[in-house]
Structure formats: C-alpha cells, structure tokens
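Both complexes below contain chain A, partnered by chain B and then by chain C.
Showing the complex of A and B:
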C-alpha cells in the first residue's frame, strides 16, 4: 500500500481526474470571460491586451461553449481516471487496484485524508458518468441565443446563466469525488458540502417557475439543517475519540465494551445527515418537492449522484466504524431494519397516488433507498450470526451484499437518468406537471415511449433488465445470511424451518411485496403512453443530443441486464476493497 | 412532409442502434462459442425474438401514412418466421434431424442439449435441452403461432401485432427449453411483456384494467418462485462453480441429478422442512399461472379483454407454462414433498375442476365461459399429478397438449363470433347455423372437443387421468365424473340456444344492427379447421405423443418417486 503526502507531486499525480475537473472549472471561468479589453502601459502609447474584460470575442460569446467545455472536461476526466487506473490496477477491466493513501504529516501522527482504491475509483467513475449524461442532456436545456442584441439584458443574463449552471455542476462533481475518496470524517464533510451547496443552487436554478424557487429554498433549508445536525454529531464523535479519522474511530468503537451515550448519540446524529441525502423516511418529505421543482436533469442528478453520496457515507459509517465483531449485534440493526421497511413501503404507497410523473419518480427513488437500506441491514445480520462461510474465492456474504448495493447505484445511472431525460424531452414542449403529458406518447414518439417503458420495467425489476439483476443480487445476499443457520439443518419440518429464519428474511419478502406494489404505478406509465389518446399527434421537438442520451441509457439498461458479468465482478471487488481495511 | 421525414430518420437510428447493440452483445464476450449443431438457441429462440424486434423496428421507421403499404410484407415475414420454427420443431419431433427415440430417453437426459457461458459471475448459463416433457410443448408452441397468425390475419395494426405474436412464441419456447433457473426465470417473465401489449393495444373495452391485472397478478406469483429459486441456489455446495462470486450455479440438470442421487441413497434431499418450503414456494408461482381456484381471477378478465390471437396463445400455451414448471421443478426435485402434499393438491384440483365447471353454467359471456372451462380443465392436470401414477402423469401431460389444441380453437371461434356478430353474449341470438354455417360448425366441433367426446384429443387425456384417479383414490373419481357431465351440460345448453333454436324465424343479436350476418373469412377458416384436423388426429392416434409422455412419466416415477410412494404405504 503506497502512501503519499497530500502536497507531494506523486500524491498530486494520483489525483489527476480531480485536477482535470479543477482545470475544467477554471477553463469555464476564463474562456467565457475572455474579451478584447486592453491596458495602456502608463506613459506610453503601448496597449497590451488584458484578455479579461471588455467585449467578448465572437468565438467565445457563443452560449453553448460552457456546456461543450463541461462535456469535454468530464470525458477527459474519465479518460484520466482510466489512465491512473492503468498505473495502479492489475486488471483494469475488473478493477483489481492497489491502494494509495493520501495523508498529511504536519501533526504529531499522520492523518489519513484520502484513499484511492477500487471502491473510490468505481464511485468516481459513477459520478463522472452521471454528470456527463446530465451535462450532455442540459446542452439544449437553457434558452440561449448566440447573437443577443446588446441592449437585451434578459438574453445576456440567460447566456451568463449557462456558465453558472455548468460551473456549479463541475464544482459539485469535485465535491463528490472527495466524498468517494475520504478516509476522514472531516474531509468527508467538506466534500459533502462542496457537492451539496452547488446542488442547492441547481435545484433553484429553474427560476422561471415559482415551484423552482420554492423547491430550492425548501431543499436548501432542510439540507442545511441536516448538515448542521450531522456536523454536530461529528463534533461529538471528535469529543469522544479525539480524531475524525475513520480507522481511529473504528478502533475506538471496537475497544468500547458497553455502548456509551456520547458516540451513540454522535453516530445517530450523523446518520440524520446521510439519511437526508438518501431521502430515507422520515427525511424524505422534501424529496418530491425538490424533484418536481428542479429541472429534470438536475432532478436526475439528485436521484442518482446525490443519493450515491449518502450511501457512501452510510457505508463508511456503518460498515467501517460501527460494524461489531462477529457474533455481536450491531446497535443500529433493528432500528435500521424497521426504517428500511417503512421507507420502501411509504415510498411505494405515496408513488401509487402521485399524479405528477416527477413526484412519482421521487417517491420511487425513496422506495429504492429502502431496498438498499434493507441490504445494509443484512450485513449486520451476517455479523451477528455465527455464519462465516467463505467460498473458494474467499468472498464473504457481506461483500456480495455491498456489491449488490453498488451495482444498484451504478445501474440507476442508466435507467433513472433515462426516465428523467424522457421527462426532460417532454419539457421541451411544455411543463410536465401531471400524467397527461405522457398520454399517447407511443403514437407520437414510439422509440422514446419504448425506452421509457424499458426504464419503468427496469425500475420495477423485471428481467432481463439491469434493475432485475441488482434486486436479484440484493435479495440473494439477504436470503443467504438470513437462512444460513436453518437451511443446513436437515431434520426439521416445514414450520420450524420458517420460524427458524433470521428476521432479516422478512426484509427479502418485504422487498418482494413492495416490488409487486410498485409494478402498478410503473405499468401505469406504460398504459398511459400506449393507451391514452393525446391531444396532438405531432412528434416532440427534435433535440438530437437528448435523444442520444435517452438511447444510451436504454442500451445501458438492457446491456447491464443481459451481460452483467463485468459489472458484477467490478462491484464485488469494490466491496472487498471497502472491507479490506476494516 | 418534414414531419414524416424526421420520423423515418428516427426509426433508422433505432434499427442501426439495435444492430450495433446486438453485435456488441454478441462479441462483447471474447470467446464467442461456435453454434454448430445447436438447433435450439438461434433457430427456435433467437430467430423469432430478433426477427420480431427487427420487424417492429422497421415498422416504427415507416411513417404513419405509409404503414398500410408495408402491412402485407410484415404479415408474410412473420408467418414465414413462424413456419420456419414449426418446420424445425417438426423435424426434431419426427427423428429426422437427429436419430432420437423420444420415448426411450432416460430421466434427466436431454436431446439437443447445449450449454454456453452467460453471466459467469453469478453462475448463470445459457443451457437448453429438450426431453419427452418439453418436446410436445415446444411443438405445440411452434404450431400455434402460425395458426394464430393465420386465424387473426386481418387484425388491425398488423405491423406490430404479428411480430408481437412471434415474439411471444420465441419467449415461450425459451421457457420450455431452458435448463438453467436464471434463464428459465428471465423467459418466464419475458412472456408477460408481449402479452401485456397484446391485451393493451388490441383488447376489449376494459383492456387497461385487464392488462395491468394480468401483469401484476402473475408477476407477484412468480416473485415467490424467484424466492424459491434463490433459496435453492444458495443451498448448493459453495464450491460448485469457480468463476461465480457465490460459488454456485443455476443449473437445473445438476440439481435434478443431486436430488436423484439422494433418492438412490434413500435420503431426503435437503431435508424434509426445506423440501416442503421450496415445494410450496415453487407451487405458488405455478398454481397461479395454471391457474387454480382461488387464484384464477386474473384469467377470465385477461381472456375476455384479450384479442383473439392473444387469448389463443394465452390459453393454448401460457397456461401450460404452469403445468410444465410443476413437472420440471417441484416434481422432479422434491418428490418427498410431493408425496406429502398429495392430498392438498388433489383437493385443490377437485375444487378447481368442479368450481370452474359450475361457474360456467352461469356465464352469459362466451369468452368468460371458455375461460372458466379452462380453469376446470387445468384442475384435471392437477388431479393427474396428484394421482402419482405414471398413467396420471402422462394423462396430465397429454391434457396440457390436448387443451393446447382445443382451447385456441375455442377462443378462435369466440373471437370470430365477436368479430362478425359484435357480441359475446351467449343468449343473444338464435339459429346461427342458418347464417354462418362454417362458424357454427367450427363452434360445435370445438365445444365437442372441450367436453371430451371420444375420438377427440381431450378424451384420451381425461380417460387416462380418471383411470389413474380410480387406482389411487377409488370412489373420489365420482366428482370428476359429475363435473364432466356438467361440462357437457353447459356446452350443449349453449349450443342449443345459440346455434340451433329459432327455427325459420332466427333471432339476430341486437348488436348487429342493420348489418347482414356474414360467415367467417377464409383465413379464419383455414386456421380453425387445421386445429380441428389436429384434434381429430391426436384423438385417433394419441400415441404420436402419448408414447414419449408416458416414457417420461414412468421414468420420472421410477427414478424419483418410487421410494417415497413405497415409504408412504
């Protein structure tokens, strides 16, 4: 395991993707501000171009430039990510990577700040992909005129907004990668805020509608409070252990014989912060408002990348710090199990009744958070049992479960973003506030409607789509740990077999029941698109890039369902990397 | 025409994308296996599925105002694909392709078996094979698809309708040939999608409700089956497969072999409790699909609303998926639990049989009556299974086949009636024989077949099951006997009212309005009469399939169940 100081060249080279992102942010800032301003050197007649200020040149006054810069930055960052992987990884395709720790040695003890391993690399890739899809799909989003007349302030401001949008997007991406790599709660918090603050602004960015501003304010206030609560919990943890480094916290937690009030309280406050991010019950109330108020690409970001942030936090806290020794029950197991069932059921029941497609997708995202939380509980159940079977590959059941969660977060990028992009496409025509916008879509746009139906089936978990694989892996993990003790016992009858199951087995059943409930509202979208008559037969306005993104998402959804070999191996490697240091 | 131009481009975009996606999928794996001697994967599954996707992609590429002009092309292309599949399966069945004696293959041995790596990391394989149980089902599917296409030749929007039918056929064959649980489940669920669209787009008034109910009901049931699959998967030795992250595989063939080895050793595979649990989970999925009372409520709704072609395939093949699944998985793997649950199965079968027939008496809707008669006949299959006799098993399998011929004819006739008289009410008219002799003849024939007239296919199956029931349960056989009388009653009563009564002053249904009653079209007649001929052929010469079915059944009983049946006595 290599370790570098945070300020050393070698350490910096390991962070090439982030540096690319930073360069992209600077480029966005400078390129769009280049102008023909000149400075006269005092006492001479010599005027030298100052470049910043004045009237912009013709080539950089095109309002599409920020979007294009942003897309290329992200593509370049993904390239750099693969490039650095090439140095560190034995097998790029499967993500066997050596670990690199970035630390600081200014204090008495070296403090671990960031860690680069298969886990963080995979999440970086996910964030970049999500941002890439979102920024590509936003290229046509904001009205922009490449030749504004000079006195039309509105138009000029619209053009300026382009820069703001992509600047915020990239800054939030920088924060996300920091979260993925952080080994220290303090760094994690900084990353989380760096990612969240731009997103608060992005939610309110849709300022033309009142709902947009309202959503932004609501989302900001709730988010700020939950961050503050999380920060308070963090300070309690610091008070207790004297460090915020995850490994130190883990050791302190393990050495604790009886549960103490201070760390427990600290951890639970911290969970509030992450619970808001993944929109679990009871912190989910703002999610539907935020999703429906924000523009669709931003809502897609909220449902994928922002949720992933929360799950990274949860995995770090629950799986590294507070996971007990084998044979002991984690303190949070029962509470979390209950919460997961409530979350998935509430999400699905609320989605049944929602008439706004974006609110429906928001509630479905709440339900999906519940499924993933149930899988986290299964890891605790695995620890609490005496079940330590590893197979010939040395993989533990827990790695399978965590891998399944990562798999789900990965494939969500294809079908969740895809669904929001379809709505985004509908929004090019008119605001989408109720289901009637989807009516008769199949007759107007058969391809788009078919893609939307594929996304809906994937969300519901119908084989052979990607959503089925992830749900299948999660349930397999849960059943494996829940039934381990009883199924090997050969001599009991039916009733003792059922009663002997660990209670987490019923989480698997809850997931199944909820899938059945959710099928209703997902199918309903299909029925509306293929059955109802729309008022017009004209196709939607042609937006090639958006169609391309939808198409890529649809292919991804099918591909990762049929040929998920590569992804399954990658996510299990990432999961082993998470457990490797605990 | 700018609008049409964009549409054309869009569709081309999709066809191109589809090809790219398929080629990426095919060549993504570095060691693409050679497909020599593989008569199942591409010819029977790949051709219909990919063909229909291409046809539908092509249709969506054509602008709306030109769609009519391509409809003939698409119809003939669909029919061609369906006929190719039928020819290949017929060659398979008649030993021409390979020298196979279907009646003599041993238990858990499969012909045309091939195996490819699929999702190595979880141990899922593409594993297909055909034996004496699946051969009749595959042939039935391959036969019904072209017949359905011909019978409903003039359905509206044919450019999506006929490709959906062959897509459906491809998925159904996929269910019948798969020997891997993962693949089995994928195809099992995949069949829902084309049927959902068939009901949704071409169905009756309440189609929206019926399509959703159908999908959700059967999906929920198969989720229980999925839980069983996962449990069974996890119960394997975790060192079975090296490449898999869990160390396990989904291979059905290996699991049946494990079960068989334990039977030979005189053990109960996996232990009694687990076997019962798995049996219940799997049966839950299959009994809803079959369906049996009280899980049958999706069936009448789906049938009444489905278009003719949809109900023909639904009743003809999709219901048989449940019965096929029972034989392939719970009966072959959990013989102990089967013997333990013999009485519950028998009782459920009796209730289904009797209740279905009883409800038929009160139906005024023709399709609803036929749907309930399906429920009743599915009860006979369950009784055949519950008898635990080789003859009962063979009778049940033959019932699957015979009902697969008769019920499409019933629904085809009902659809034609609806098409020409615009109603499905049984009592709404008198003396149809006068106006539509061909329709009346077909209707009468199909009803005779369904009530079990000797020399027709249904009779053979019923007799076999009843004999087996007599051996096993004695006088209980009276209940099915009475039920068969009820079946005869409702059919004859309906026939009396609709076809014959009325004399010279025939009474036409009000829904007809001022229209003159017409007879059925030639294409409908071809489809229905070919079904009728087959029903007669398999009624007079049942041994064509009965031999391989009884071969399979006696092997199954001998290998798996003998010990358990002996233990019970």
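Showing the complex of A and C:
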C-alpha cells in the first residue's frame, strides 16, 4: 500500500480523473465566454484582443457547446480512471478493481486524507457514468422543453443558461468523487456539501415554473437542516474522540466498554444527514416534491448518484466505525431494521396511490432505499451471531451483502435513469403530470414503450433483468446470515427452523412482500402503455440523443441481468476493499 | 482561559435554539438564520475540541465549516429569490403546489 503526499507529482497522477473534471469545469467557463472584447493599452490608441467577454464568436454561441464539453470531459475522466487503476487489474474484463493508494496531507505529521482502492474507484466510475448519461440526455433538454410559442424560448436557447447547468453538474461530480475517496469524516462532509449544494440549484433550475422554485425551496430547506444536524453530530464525535479520522474513530468505538451518550448521540445525528440523502423514512416526504418539480434528468441524478452518496456515508459510518466486535449486538441494529421496513413499506404504499409518474418513481426509490437499509442491518446481524467463530463463512456473507448493495446502486444507474429519460422524452411533448401521458405509448413509440416496460420490470425485480440479480443477492445474503445459527444446529423441521432464525430473516420476508406489492404499480405502467388508447397516434418529437440514452440504459439493464459475472466480481472486490484494514 | 466544556455547552444551547426555530418558523429567511445557528454551534464544538485536545485540525475544521455555511446562505438566498419572483412570498406555508 503506497502513500503519497496529495500535492506531489505522484499523488497528482493518482488523481487524474479529478484533474480532468477540474479542467473540464475551467474549459466550460472559458470556451463559452470567448469573445471579441478588446483592451485599449493606456495612453495609446492600440487595442489588443482580450478574447474574454464582449460578443461571442459564432462557433461558441451554439447552445449545444456546454453540453458537448461536459460529455467529452466525463468520457475523458472515465478513460483516465481506467488508466490509473494500476497493475492490480491489468485485465479489466475480469472485474474492475484498483491498487490501494493513500493520499496524505503535506507536513511533518501527514494525515490520511483520501484512499484510492477498488471501493472508491468503483463509486467514482458509477458517478461518472450517471453524470455522463444525465448530461448526454440534457443536450437537447432545454430547447426541447419549451414551447415554440413561449416567450422564454430565446432565454432557454441561450447557452449562458446551459453553461450554468453543466457547470453545476460537473462541480457536483467533483464533490461526489471526494465523498467516495475520503478517509476523514470532515473531508467526507466537505465532499457531500460540494456535491449537494449544486444539486440544490439544479432542482430549482426551472425558475420559470412555479413548481420548480417550490421544489427547490423544499429540497434546500430540508437538505440544509439535515446536513447542519449531521455536521453537529460530527462535531460531537470530534469532542468525544479528538479526531475525525475514520480509523481513529473506529479504534475509539471499539475500545468503548459500555455505550456512552456522547458518541451515540453524535452518530445518530450524523445518520440524520445521510438519511436525507438516501430519502429514508423521516425524510421521504421531500423526495417526491423534489423529483416532480425538478427536470427529469436532474431527478434521475437525485435518484441514483445522490442516493449513492448517502449509502457511501452509511457504509463508512455503520460498517467501518460502529460495526461491533464479533458476538456483540450493534446498538443501531434494531432501530435501523425497523426503519428499513417502515421505509420500504411506506414507499411502496405511497407509490400505489400515486397518479404522477415522477412521484411514483420517487416513492419507488424510497422503497429501494429501504431494501438496501435492510441489507445493511444483516451485516450487523452477521457480527452479532455466535456462529462466526466456528466458520469463516461469515465474512463471505458480509461481503456478499455489501457487494449486493453496491450491485444494486450500480444497476440502478441503468434502469432508474432510463425510466426518468423516458419521462423526459414525454416531456418534450407536454408536461407530464399524470399517467395519461403514458397512455397508448406502445402504439406511438413501440421501442420506447418496450424499454420503459423493461425498466419497470427491472425496478420490480423480475428475472432475468438486472434488478432481479441485485435483489436476489441481497435476499440470499440476508437469509444466509439469518439462517446460519439454525443450520449449525442441523434443524430440518420447517416451523422450528423459521422460529429459530435470527429476526433479520423477517427483513428478507418484508422485502419479498414489498416486491409483490410493488409489482402492481410497475405492471400498471405496462398496462397503460400497451392497452390504453391514446388521444393521438403521432410519434413523439425526434430527439435522437435522448433515444440513444434510453436505448443504452435498456441494453445495460438486460446485459447486467443476463451476464452478471463481471459485475459480481467487481462489487466483491469493492466490498472486500471496504472491509480491508487501512 | 475559558474551560472548553463551557464553550461546548453554549454550543448545545445554540443548537437547540436553531433546531427549534428551523422546525417551527414559517419564514424562509428565519429558517435559514436558524440553520446558521446550528452551524455556529458546530463551530463552537470544533473550537472547544481543538482547545481541549490541542489539535490544530479542529481550527481548520471550524474555518471550513464557516466557508460551507457562507456558500449555503448564498445558494439559499438565490433559491428564495426565485421563489419570491414566482410566488410573491417567502412563507413556507404557501408551498402547496406539489401535491399528490
């Protein structure tokens, strides 16, 4: 394991993807502001071109320029990311992994800041992919969204506004990578703020509509309160242990004999901050408002990248800092388990009664957060079980479960973004406020309707699509952990076996029941698309890039469902990197 | 020198006031002020911790927290401004457009 100074050349070379992102942000700013402005040299009549400001040239006043710069920056960043993986995985086709590097601060007593390993690199890849899909799909977004009769068309076509959009997107991406790599709780928090402050603006980006600004205010107020409370919890942890290094906190937590009030209070306040990001139950009410007020690509970002941020935080806090010694029960286990069941049930029941497709997708993402929280609880149950001392399968189960969560977050990028992109495509025609926009879509646009149906089936977890694979892995992991006690005793009778299981087994049952409930509203979309009559038979407006993104998402959904070996290998690498000692 | 525990205690009081205000007030600007109170309680905790443990990183955390708070205010006020230009109010009570 190599450690470099973050400001040295070697350290900088490890951060090439982030440097590319930074260069993209600068390029976005400079390229779109080049113009024919001149500066007069004082005391002379000589004027030299300053190139910045003034009237823009013809080539860079094209409104598509910012989006194209953003797309190429992200493609280049992904290329750099694969370039910097190191010799550990010369063959990326066998699974994505990375050698472990630690970047430290400059000075006499270097503090570990960032850790680059299979875990953080995989999450960086996920963030870049999500941002790439979102920015590619937004290329035509602002033009397509406005009616030609609208007076604001001129303003929407203006690329200054487009620059804002993609600038915020890329800055947010920079923050996300910091969250993925951080080894210090405060660095993690700075990354979280760097990622979420631009997202607050993106949610409120449609300031022409009443709904846009309302969604922005609701999302901002809730987000700001929960992140401030989370930061207060972090400061309590600092008062308790004197450091915010994850390794120091882990050691301090492990050396604590009986639970103390200060760290417990600090951790629970910190979980408030992350709970908002994953939209778990006390904060679920803001998700549908934010999703339906924001533009569809931004809502897709909220449902995937933003949720992933929260889960990185939860994994770092719950899995690294507060995971107890073998045989002890984690203090948060029961509360978190209850919360996860409430979250998934509430999300599904609310989605059942939802008539707005975007709100339905928002509630479904609340439900998915619940599934993943249940899986986190199972890891704690694995630690509290007594069987881990006898065999070594326990570690495998924990890695399997964490890997399943990462798998789910990865494949969500394909089908969640895909579903939002279909709605985005419908919005090129008219605002999508109720299910009637989907009526008869199959007759108007067979390919898009089929893709939407694939996304819905994947969200419901129907084999052989990607969503099935992730849910299957999670449930297998939970059952393996819950039944390990029983299997050791060789019980074969059904009823005693079930009663003898650890209570986390009921989390697996809750996931099953909830998946069954959710099938109704996912399939309903399919019925509406294929069997309802639409008022028009005309196809949707031709927006080729949006169609391309939908198509890519659909292929990804099917591909990772059928051929999941590569992804399973990849997420297992990432999960073992999370548990590896640092 | 003031004992750090007094500083942290003041932080608890300010945090409680801020949290209570953030949940009960209806004016968006006052809610923003309450969020700032919470962030200032955070700063007091970091400063108290830095003084208690003699850890210079604590001072740095406080400085960064101030910067984050400033960025948050800037973004918050901009969002409220766009709310005001459309709804002609910044009261959080009137936000009922987005309903199921």
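The rule is short, and it goes like this: the second predicted complex is superposed on the first by the 529 of 582 C-alpha atoms of A that agree within 3 Å, B and C clash if a C-alpha of one lies under 4 Å from a C-alpha of the other, contacts with A are read in each partner's own complex, and residues count from 1 in each chain.
The rule is simple: contacts are C-beta pairs under 8 Å (C-beta built on N, C-alpha and C of every residue); 3 or more make two chains touch, one makes a residue touch a chain.
Note that this is a predicted model, so its numbers are computed, not measured.
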item	value
Chain B versus chain C as contact partner of A:207, first or second or both or neither	second
Touched partner set for A:18, first chain B, second chain C, both or neither	neither
In the superposition, chain B vs chain C on chain A residues touched	B
Touching partner for A:250 - first (chain B), second (chain C), both, neither	neither
Touching partner for A:400 - first (chain B), second (chain C), both, neither	first
Which of chain B and chain C A:427 touches, first, second, both or neither	neither
Partner chain(s) touched by A:124 [first = chain B, second = chain C, both, neither]	neither
Interfacial residue positions of chain C with respect to chain A in the complex	8, 11, 15, 18-19, 22-23, 28, 31-32, 35, 38-39, 41-42, 45-46, 48-49, 52-53, 55, 57-58, 61, 64-65, 68, 71-72, 75-76, 78-80, 82-83, 85-87, 92, 95, 97-98, 100
Chain A-touching residues of chain B, taken from the complex the two chains share	3, 6-7, 10-11, 13-14, 17, 21, 24-25, 28-29, 60, 64, 119-122, 185-186, 189-190, 192-193, 196-197, 200-201, 207-208, 211-212, 215-216, 219-220, 223-224, 226-227, 230-231, 233-235, 238-239, 242, 245-247, 268, 270-274, 276-277, 280
Sites on chain A touched by chain C in the complex	111, 186, 190, 193, 197, 200-201, 204, 207, 209-218, 220-221, 224-225, 228-229, 231-232, 234-236, 238-239, 242-244, 288-289, 292-293, 350, 353-356, 359
Partner chain B, residues of chain A touching it in the complex	389, 391-393, 395, 400, 403, 445-447, 457, 462-464, 468, 472-473, 475-476, 479-480, 483, 487, 489-498, 508-509, 512, 515-516, 519-520, 523-524, 526-527, 530-531, 537-539, 542, 547, 551, 555, 558-559, 562-565, 568-569, 572
